[in-house]
Amino acid sequence: MSKIKDPSLADKGKTQYEWAKDHMQVLTHAMTKLKKSRPLKNITLGVCLQITKETSVLLMGLQDLGAKVVCCGGNPLTTQDDIAAFLDSQGIKVLAWSNQTKPEYDWCQNMVLQHKPDILTDDGGDLNIKAHKAKLRIFGATEETTTGITRYQSLAKKGRLQYPIIAVNNARTKMLFDNQYGTGQSTIDGFLQAMNLLFASKRTVIAGYGWLGRGVAKRCQGMGAKCIVTEVDPIKALEAHMDGFEVMPMSQAAKLGDIFITCTGMRNIITKQHILSMNDGAVLGNVGHFDVEIDAKFLLSQKVRQVRPNLDECVLPNKNKVYLVSKGRVANLIASEGHPPEIMALSFSNQLYSILYILKNHKKLKNQVYPVPEEIDNQIAQDALDSEKIKLDKLSKKQIQYHTSW
Amino acid sequence: MSKIKDPSLADKGKTQYEWAKDHMQVLTHAMTKLKKSRPLKNITLGVCLQITKETSVLLMGLQDLGAKVVCCGGNPLTTQDDIAAFLDSQGIKVLAWSNQTKPEYDWCQNMVLQHKPDILTDDGGDLNIKAHKAKLRIFGATEETTTGITRYQSLAKKGRLQYPIIAVNNARTKMLFDNQYGTGQSTIDGFLQAMNLLFASKRTVIAGYGWLGRGVAKRCQGMGAKCIVTEVDPIKALEAHMDGFEVMPMSQAAKLGDIFITCTGMRNIITKQHILSMNDGAVLGNVGHFDVEIDAKFLLSQKVRQVRPNLDECVLPNKNKVYLVSKGRVANLIASEGHPPEIMALSFSNQLYSILYILKNHKKLKNQVYPVPEEIDNQIAQDALDSEKIKLDKLSKKQIQYHTSW
Amino acid sequence: MSKIKDPSLADKGKTQYEWAKDHMQVLTHAMTKLKKSRPLKNITLGVCLQITKETSVLLMGLQDLGAKVVCCGGNPLTTQDDIAAFLDSQGIKVLAWSNQTKPEYDWCQNMVLQHKPDILTDDGGDLNIKAHKAKLRIFGATEETTTGITRYQSLAKKGRLQYPIIAVNNARTKMLFDNQYGTGQSTIDGFLQAMNLLFASKRTVIAGYGWLGRGVAKRCQGMGAKCIVTEVDPIKALEAHMDGFEVMPMSQAAKLGDIFITCTGMRNIITKQHILSMNDGAVLGNVGHFDVEIDAKFLLSQKVRQVRPNLDECVLPNKNKVYLVSKGRVANLIASEGHPPEIMALSFSNQLYSILYILKNHKKLKNQVYPVPEEIDNQIAQDALDSEKIKLDKLSKKQIQYHTSW
Amino acid sequence: MSKIKDPSLADKGKTQYEWAKDHMQVLTHAMTKLKKSRPLKNITLGVCLQITKETSVLLMGLQDLGAKVVCCGGNPLTTQDDIAAFLDSQGIKVLAWSNQTKPEYDWCQNMVLQHKPDILTDDGGDLNIKAHKAKLRIFGATEETTTGITRYQSLAKKGRLQYPIIAVNNARTKMLFDNQYGTGQSTIDGFLQAMNLLFASKRTVIAGYGWLGRGVAKRCQGMGAKCIVTEVDPIKALEAHMDGFEVMPMSQAAKLGDIFITCTGMRNIITKQHILSMNDGAVLGNVGHFDVEIDAKFLLSQKVRQVRPNLDECVLPNKNKVYLVSKGRVANLIASEGHPPEIMALSFSNQLYSILYILKNHKKLKNQVYPVPEEIDNQIAQDALDSEKIKLDKLSKKQIQYHTSW
């Protein structure tokens, strides 16, 4: 049985599903080709993903391939209730609604696991951790985020991983595009909607210069901002420096910034002490996975009022007002609609092919974290180019020989 | 008497007013300095502007300076009803609500004129044209848009202008910043919200390479789009070419574009014929003043359904789906909140100082279109820099001599 | 009689002339059309311009149109001796060689005037000032630089201008392109050759944010530099700020910069005091017209040695080494070859058409500084687009009406 | 015994050495720290590198650490004879001069090997291949280029590698910076000097979107060019597409481009057929390692004349003129001075530390291609940041725990 907020929103969800589907051709073409053979017949998929219009395209497609799909939300706040209603109306089991409490969120995940899924698809690792605690028999899992993968690798190191997991997040067609172009754009979108302030001329502090941070930095610069980067890795810091950004520690950047965007996947990036040294009017938001990058607890314990949707004004002891986007949770998903469908089509093609790969190969696989096989990755990029009618050069025999003939 | 949609929205409007006010320091500092002398005592101001949170800061300030303020909306669709309610609650006469019909819109303007305003502030020229038809006795007027100024200059040429008008739009601190940085950002904002598609890699056709168009082009490029520019002016076209954009006629661009943004202030930019040659899935929107740049009439007479807020799907006779943002009306104002407050602070400082200038000098002025006096323009830029604590160099006597001593 | 360095360089000059001519189609097409009517028959042109391969294309063309051409160099240092030799070999009177002393430079200009030119073409104003002192009878003149125009306007204000002068520099097809794209590129070129250091990550201080400065800033940013802008004009400063550059006074920038580029046309921009506060290793260069922007006198009176072509190491009293490009003279002309031919084709088309305009209209013209007529400006842009086969849209009658019909 | 062109150039070389040394602090600081212990005492190093001012800083430093250094040039054309003279004057054995024939180039390498080097440093693999043929006893080698590494990996696959080789090129502080920022800038430099044409508005075709190609593309775009990318790898192609570049096969790009830059490390990239379809005036150059990317043989068998230094005009059978930079050899090294010293300091720090690593560990190492150890890579980045006084954040214990504690 599904548990959702309001089944009457199904029609509204359907329009969104259709819009997304029209812009996810990489994924839908693959689905169409596979449909006849129903490769997921008799398989139960337990899915924990952000419930968005794009996810609905993946889930509908997986059901079309024969799977029984049971899903919950990848984030307690961000479930789109109209999409949940639409999926439910189409026979998918949905355990998700917006603005859940932590216990509700956990309950939903546990409910998913009670359907005895064969394969799990996770977004952050909470579902897989619960499956491990429950010692469920699972063929394998796929993981959408860096955060989740870090958790599994930590388990694997200790020999405690119970089934193979494919690190979808690390696929080049996922990470390079989702983290860089997807989050780059959706961060701009989320901050614009939350604050409606001018980016041009603003000192924007970007914590972290991984794929996420450099995607965000590029777009902020494209909007006219002056970017400051903070890092802990000397090589990434040197790249940021050579890319023309200011690099400094957060303690120094805190005093200069107008806008702060954390992109690290790490905790304690912007601390109480940093916040107390900020300028009046500073805006803070996080686009890393968890809400531990900014000390939101401190901020939300101040004199707080919501001044705009997803924007809280926090009056500090020093009288400065500081503004927090979406309570420190992933701003690009909460304050905007998240990644555009074209990007999600790439990520979810990796999910699709990785699920099929697990199904076919799980007996041969060890209890390890595996990368997405290279041929899958290349195929998806090729599909994406094909859908845009972009042609490439091809290596001739002579050229291939040149590489191997020394 | 005001006529607005819902007075109970006043509190919601107040929060927005406060947010905007906090980010319009250029304007509020000027207001504070002038407040004591109440320079607008006994003056009635007739204002036709987009009713937004930023406009509320201007109007509240003008009232503070002693004026009786009567206002209507600058666009039949875009009035923010909570702002209207807040202004009304503060004693300003407001004749504006969202989604007006054309007759309602005209009626509101006429009501403003019935208050016998001494000075008019207009956004497009409709109010001034009506004042001319009614042969009202007016000291003078200020105008916010290129479109309005073109209309008055046409009247002035024929000797039919009845009072001096200050072309606020043409002030460097207005035009360079509002048209370029303001519309640049709000266009991205509006299109992102309307379509939630990826800008990166999309072929974006920008019609017009004036300040508006180049602001939009710069931001689209900053979001990763491939920009194509169409122009009629050879010098602007050559600039676009040298700035690294593709330049071609619309008939050719129509076949290539994914996203089309009109920025011309001219009519018939994207015609039925252009539309019929577009790719399936093309998205069209206008950020020029009037809704005559795209043939919306043709589009909206097709098989239409709204697929997202402010986005209509139009199924063409050739089966292609084409999407129209906010029915061809100013997308950056309707599909987003419009210019951010920092930009409007510059524009509205020009309005404030120009109103005071008319009051002081109207007897000396001829019935012409006047530029904003240069010293006002410079003062506003200096105020803006001061508010950001940015210091400039100053010419020494020796240096000034160097320029004049040959 | 010509006076040049070495006639045997004529062949080398010819190859360069041909290369430039092949890349100046805007100019050469115009020349070809006009050639038959020989409109400059019996006219003597006195020309003071940088003697470069591009100038040779202009001068050869003018001679082809019937003129007797006498020329000297626009800068005592930058004459390319092979070009001078080539021009001389083709029957043009040339009084120019590289690395002249000031007296030699003046002598050459005086020699040009002894040929009783009918029309003068100047680069900086020295030739025209001499013609004024000599009270020569001249039809009119054209001027290539901002600096020259400022000098004539100063004369005109005092009623002392003796003939009309067309401000070629201010033509949009000259100023927008030459100052912005031309100097932008040639500055990068000059500094790269002089110093061969990495631009990426360097703090580059750009003095002045006119067309010159913003062209230079855009290219420095394009090479990965972090740009700081200094200004005296608040509106330009605000633009630089909104364009994402740091803005501060030179006294502060001097302490931060790695590379300094002056683009002002003003004197005393980088003073002894600024220099003494700079970091060890700072590189300084000027691309404004005269060598008065940087205190080169102070620098060159220190312990100096040339460490690379066009780069002098100056050891300051505080032991810091500071490097001066091309002795503070126009770095983009001296340390590189200057503007590329495509840009000079635009500038020199303005020269050509303005010379013809003076010839035709000089009796009607007053002793004032005139802009290049708008129709010439537009024609040149159109010619440039034609030569690249770029097509524009054209306003229909209906559209033209729309602009004028209110 | 050295064999060089002209010992009298030593002083000129010394000035250049000093200039470079002043801008290679990352390397010189490391050298200074190591100097006392003379870790390379009694070691003979055989070095095959481009003989430039930056290389002289490395070689002088290695000698200072106790090594006997014997070197030849990494390219038959590009040896700077003044640097060779300076090195020779300082006691280093130099077998290199500019514009060598292939037999001379081979002879020099063979002479280096006759000194029985213990460790080799190579740039392309020719020296190591010769050492393999001669079956010399070598501790190990370091390699500066992608090309070289590909060759060794091919040998290693077949079990024929005779000693361990460290792939210096693949160090992140080498590859990311040298290939991207170094070649990016030096390519602009080389093409500007060779052609002196405007980059702005030019269609620039970049073959290959690896680190090299994307560095070049970014800089070309920064100069105002319109970039087209050709690729064979679908993921890289998709990245180029998302970065806003046009992607197409060379057969199509050939017809559109004004400037062509090959960055692939592969042969037959621009073929005779491509060349015959190009526009009149196209400029072609290669910045990949070998001169096999462009069919220079075909071009140079046409009617050829040198129109500028490093630029040959080739008149094709179809009458079109096409221009080839530096005969298809590495344009950024031949037509300009190559990478700036700051970049070479990073690369050569990797060389230094890798040589020391081989010396210390060669007995433990297998006959394989090894990456530069991660700790060396990080140390060099940290050194570079230190030399710019840039500080980073540091992970706290709590934060490190966070990553490992799941």
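Going in written order, the chains are labelled A, B, C and D, and every chain counts its residues from 1.
One rule holds for everything that comes next: contacts are C-beta pairs under 8 Å (C-beta built on N, C-alpha and C of every residue); 3 or more make two chains touch, one makes a residue touch a chain.
Not measured: the values here are computed from a predicted model.
**Q** What is the touch distance from subunit B to subunit D, in steps?
**A** Shortest path length, in steps: 1.
**Q** Comparing A-C against B-C, which pair counts more contacting C-beta pairs?
**A** Taking the two pairs in turn, the one with more contacts turns out to be B-C.
**Q** Roughly how many whole angstrom separate the Cα centroids of subunit C and subunit D?
**A** Those two chain centres are 37 Å apart.
**Q** Take the average of all CA coordinates in subunit B, do the same for subunit C, and state the distance between these two points in whole angstrom.
**A** Chain centres of subunit B and subunit C, defined by C-alpha means, are spaced 38 Å apart.
**Q** Based only on mean CA positions, could you tell me how far subunit A sits from subunit C in angstrom?
**A** Between these chains, centre-to-centre, one finds 53 Å.
**Q** Where in subunit B do residues touch two or more of the other chains?
**A** Residues 181, 200-201, 221, 224, 241-242, 388 of subunit B each touch two or more of the other chains.
**Q** Show me the residue ranges of subunit D that touch subunit A in the complex, using the header's touch definition.
**A** 125, 129, 150-151, 154-155, 172-173, 176-177, 180-181, 230-235, 237-239, 241-242, 247-250, 252, 266-268, 292, 377-378, 381-382, 384-385, 388, 390-396, 398-399, 402-406
**Q** Show me the residue ranges of subunit C that touch subunit A in the complex, using the header's touch definition.
**A** Per the touch definition, subunit C meets subunit A at residues 200-201, 221, 224-226, 241-246.
**Q** Can you list the residues on subunit B that touch subunit A in the complex?
**A** 15-16, 18-19, 22-23, 181-182, 184-185, 188-189, 192-193, 196-201, 218-219, 221-224, 281, 305, 307-308, 321, 336-337, 340-343, 388
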